[in-house]
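Structures are listed in the sections that come next.
Presented sequentially are two complexes of chain A, the first with chain B as partner and the second with chain C.
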Partner chain A sequence: MSKSFFVDTTLCTACRACQVACKQWHDLPAEETKNRGTYENPADLSFDTYKLVRMREEVIGGKLKWLFFPEQCRHCVEAPCLDTAGDASAIYKDAATGAIIFTANTKGMNVDEIIESCPYNIPRKGPDGTLAKCDMCLDRVQNGLLPACVKTCPTGAMNFGERADIVALAKSRLFAVKKANPKAALLDTDDVNVIYLVAEKPSLYHKFAVASNAAFDITRQVALRRMFTPLTNIVSRLL
Partner chain B sequence: MTNHWIDIKNSDCILIMGSNAAENHPISFKYVTEAQQKGAKVINVDPRFTRTSSRADIYTALRSGTDIAFLGGMIKYIMDNKLYNKEYVANYTNATFIVGKSFKFKNGLFSGYDSKKRKYDKSKWAFAMDAKGVPKMDRTLKNSRCVLQLLKKHFSRYNTKLVSKITGTPREDLLKIYQTYAASGATGKAATIMYAMGWTQHTVGVQNIRTMAMIQLLLGNMGVAGGGVNALRGESNVQGSTDHCLLWHIWPGYLKTPRASNVSLDAYNKKWTPKSNDPLSANWWQNYAKYSVSLLKSFFGEKATKKNDFGYSWLPKVDDGKAYSWLDLFDEMYKGSIKGFFAWGQNPACSGANAGKTRKAMERLDWMVNVNLFDNETGSFWKGPGVNPSKVKTEVFMLPACTSVEKEGSITNSGRWMQWRYQGPKPLGNSLSDGDIIIALGEKIKSAYKNSGTFTQPIRNLKWDYLTNGEYDPHKVAKEINGYYLEGPKKGKLVESFGKLKADGSTSSANWLYCHSYTEKGNMSARRSKQDAPNNIGLYPGFAWCWPVNRRIIYNRASVDLKGQPWDKKDWVIKFAGDVKGGKYVSKKWVGDVPDGGWYPLENPDGSKREDAKHPFIMRKHGHAQIYGPGRADGPFPEHYEPLECPVEKNLMNKQRINPVAPIYKTKADAFATCDPKYPFVGTTYRVSEHWQTGLMTRPQPWLLELQPQVFVEMSEELAKLKGIKNGERVLATSARGSLKCTAIVTKRFKPFKIAGNTVHQVGFPWHYGWRWPESGEEESANLLTPSTGDPNTRIPETKAFMVNVKKI
Partner chain C sequence: MKVTRREFIQITGATAAGLAVSGLGFDLAPVKSHAQMLKTKYAKETTTICCYCAVGCGAIVHTSKRGDGRVINIEGDPDHVINRGSLCSKGASLKQLTENENRLTEPMYRAPYSKEWKSVSWEWALTKIAKRVKETRDATFKYKNVIGQVVNRTEGIASVGSAAMDNEECWIYQALMRALGLVYVEHQARI
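On to the complex of A and B.
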């Protein structure tokens, strides 16, 4: 059994404490930003930004909604990035938690293909070609602490625990939220360990809120391809 | 807060108006969302759709500065539909009091107005008294001169059609909100208000809050769990610093600063001690002299004797009728009459209204001492934008202060909870705690006055014995605040609570409200019990300490009926549990929170009246909460007036455009523009989650600057189109006082208002920025635009409603 997050966007106030806590725990530098005519900043995830609260203004049924989506790696149950890399020293799944972990050995791999394989467009390339993303605060979790983003969340939007408990919590919240929001849904529950609850159409929150239909099919294609290409990566790294 | 943060979870309806709690008090949303999940309705009213609005069940917009019109409409709705809680109103508020014949209201003016002095003679608003000197009352509420009937008449003009014309809020939204909120008038239901500077920073700031307090009283929401009037403080310790006399007009514990006309201690105590002839009124302030003398004993120790008026004559007096607020001090500084200035833990070059005037004023000082964590726009004003350092004579000293985590001491939060905090790391470099700086300064001044000087007694006689091993000791100060027995068998012991303080000099207390916080039992504010009280409503009486006497919900005697039994059987605050014999209470016992006075309830179980009871609002002279408030500078009832700068020629509610007693300053730097085509748009200022105050602690923090890197102006898509402004481009905002370059955020979250048939646009700016950081020096303070006028009672500046223009650069 793995660990999972439940991100209840119906409770998120976009205070962005999670975004800052993530940087603080991982000691990531701030990016130089400009106000782009929105509160959302930086503009995208990056090698130095693992967590980003997406903020979208949408008029739905004649009413203005400000939709918040704290974006992060989903720690997929069957992670396409892991399959694509095909090298456990670069990308592996932590057995106890289910966290998908990128290591320094991602440097020199075909990182664009790994990025491409992610149905949620999460991994980002550093200046030297190393990949980075959310690591579930594995060091904290292994020491009995909550991930930094969960620990800092004031409203209960961010939750973390055993997968079975988290799925149960997600379902009970969906049931409660659905009464007033018939469009409410849990996103890709079976495939991911970061389960989002949204009240509106997922694509309104973020382009990559849900995996495209084909995404997990690609996983299978990649797995197949990997059978034939174990040497390619090794060779490319030797070069 | 009359209640406290955790108590928000007990509410059935939460109105967030005049604050942006989700963004500026993010932790409060832990309790807001908890209430919401239990079925509470969250209503948000704000000129702009915010992160708070995104979580509200009902959101609507109003034009900045029209809150009294909005809430006045709610009062009318409550009266017209008889939704007020009659039992509560008739027994616990002054709705029943008969108002004297000289009270009148006509053409927007209350009786007693002197247009030359721009002041009211408040004696015209007095109650009619009976032969014993008790206000005449009509508990049936039918007398046409009783407060409730006058209230009904006063707000009869506030119909939704007119309110909508003034506020720009659609009528259907007004009605929906009135209906939802007023449902809390039902017995056992509670609604709360979360407000902040969006209500206070107006020329009608106090009356904004009074209007809401009146609504809370009408609906029976004061004293109950999930109710109250709750100010969300802008700093962790604003409540504490106010309690300990941050403001010019009060001494610690809300005692009055003496006026020049209070020529002796006796005269001072007489002037400020209210008298009630009603045996059922506790009139708690009758104890005034016990608190003022104990304070003087705390200042001067053994040097304060009965013979020398306990040193009363050594303390400064303020001139009668003169104000000494922030606005007044900087006005005087601007005029050159103030020579020296301690800027202590503040950044007036960015934080004060009309920052340009403030910056200019500082050039006229001989010296300034800047005590702060870092250098700021205030300490460096002499090299600021447009200032030639060679032309500035002011000598500036910087004293580096350590941060809050580097020192021991207490903070008192919005909910009045005093919490002791231990020292973390030691102060960095040569920085010192505020206590150490004050002590060192005091010692230096004392030694300078040792042998010579003018009027030396106040300095020489000051009892400052707060050192342990040569260092400032916060425990000694905390104990001094609590107070000691100075004579008798308990001499040298800490006083148990303020009920024991004396007016004869035998006790000391540096703040009577805090007497009970540090006793022989120990430091109450350092307690950390996680056990709740028996009523299980989140009082946690053993966690920290709360003034007064650890009472977590004040006015809680109003949460019970006349027989002492709670209106709300589920989320009850207190209840009377004394023994009953033959239909009468025969022993005294309250359970739950610390009751607001432990007297018997007003009635026995058999309905007979008790002579030994007290009315529940014990801090009021007559024991009743004030729906009619004859003590305010601008009238006993609130009335809608436009902001000093506004977009309309006429006030649609009455013939006065602005608050007739709003302070007006007249230096060259005090320019105002109403209905001036040069400044056609309403402007307001606010905060964001990502920065704090003037940004001194957040702008140099790269992670926070990453989130909100630049000062911005938010505007509607309609206004952007009108002005040809593109989202994300730099624009110039101007007011009659200054200009500000900022980045345009063009958003659906601002919408143009329809005000009396005209389109009125509003824009808003965060005020967290200043030229010292970020390095570009391009991100300046929004207070360069704001006007120096304010509320006539408090003199808080009107930075929430003023007129501006925005244009492409």
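On to the complex of A and C.
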């Protein structure tokens, strides 16, 4: 049984405590930022930023709505990055939690292809070619603690627990939120372990809020690549 | 790339093994998968109250038990009645109050019309402040207002701090400001 997050964006106030707590726990350095006319900062996820609260201003039904989306790795049930890497020493799935973990061995791999394979555009390349992203705070979870982002959330937008409990919670919250927001929906529930509840059209929140429909279907190309990845990895290392 | 016969066999062998493993649906889990150790495992835990706003959230400070006693981690206290373990973005960054290379550790002084800040001693800074306060207060102190009521105040000094003080510090600070006769006592978070 894997672990899952439930992110209720209708409760999110974009305080960014999750973003700060993530940096704090992982001892990640600050980034130089500039005023881009939005509180969304830094501008994108990076090798040093695993979690980022996206903020969008949209006029919906004649009213200004400020949409918040705390973005992070979805820890896919069938992770395309893991398949693309094809090397369990670089990208593996933790059996007990379902966390998709990137190791230092991603260095020197087909990193651009791995980034390309992510339906949510999450992994980021470091200066030395290593990949980094959210690790579900696996060290905390394995020791009975909540991930840093969930622990710190003051509004209850971030939730974490056993997948069955989290899916049930997500469905009950969807039922409640739908009364006031008929467009409310859960995003890619069956495919991911980070389930978002949004009140408006997902694409308004973030370009990569939902995966494109094709992302999880194994195309012939992906199937072939999966077969040959062990070979290409060996060859790329020999080169 | 030159591939020797031996390397070629290695490559093809590994490919065949890879095909066999992925094709038969074997678990490609890591060879070594053991629980990671928490960075706070051997740390000393101390409870504290967040220094920022008036909500007064509780936090746990993890400090190193070895040598320097520096802060390893600060996070919300799950047993605290106010916040039950949560912290906002300011609270979540509490560690940086001490573990931050940009933190000032000594008083800085910028002389009038100067573009430069320079480090000064605490003694020099406090004496300078005391002298300026005395000078300004003496020059601007009013015993009575325009309609002759006794006011005993100075309108030449204003206070704009501080969000980083606790309840008791605020009391002492307020008492000092009122004793000096200040009427412009503000808080920087409201400006």
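Of note:
Just so we're on the same page, the second predicted complex is superposed on the first by the 232 of 239 C-alpha atoms of A that agree within 3 Å, B and C clash if a C-alpha of one lies under 4 Å from a C-alpha of the other, contacts with A are read in each partner's own complex, and residues count from 1 in each chain.
Please note the rule applied: a residue touches a chain if its C-beta (ideal position, glycine included) is under 8 Å from a C-beta of that chain, and two chains touch if they have at least 3 such contacts.
It should be emphasised that the depicted structure is a prediction, and the values quoted were computed from it without experimental measurement.
In the superposed pair of complexes, A:G86 makes contact with chain C only, with no contact to chain B. Looking at the shared chain after the overlay, A:Q19 reaches both chain B and chain C. Looking at the shared chain after the overlay, A:P154 reaches both chain B and chain C. Contact with chain C, but none with chain B, is seen for A:N143 once the two complexes are overlaid on the shared chain. By the touch criterion defined above, A:E31 lies against chain B but remains apart from chain C after alignment on the C-alpha atoms of chain A. Of the two partner chains, chain B is the only one touched by A:V59; chain C is not.
Of the two partner chains placed by superposition, only chain B is touched by A:F68; chain C is not. Chain A residues in contact with chain B (one complex) as well as with chain C (other complex) are 15-17, 19-20, 24, 154. Interface residues of chain A facing chain C in the complex, by the touch rule stated above, are 15-17, 19-21, 24-25, 82, 86, 88-89, 92-95, 138-140, 142-143, 145, 148, 151-154, 226-231, 234-235, 238-239. Chain A contributes residues 11, 13-17, 19-20, 23-24, 29-39, 41-42, 57, 59, 64-68, 154-156, 176 to its touches with chain B in the complex. Only residues 1, 3, 7, 10-11, 14-15, 17-19, 22-23, 27-31, 33, 35-39, 41, 73-76, 83, 85-89, 91-93, 95 of chain C touch chain A when the two sit together in their complex. Against chain A, the residues of chain B that register as touching in their complex are 22-23, 26-27, 29-30, 33, 37, 49, 51-55, 688-690, 702-710, 712, 726-729, 743-749.
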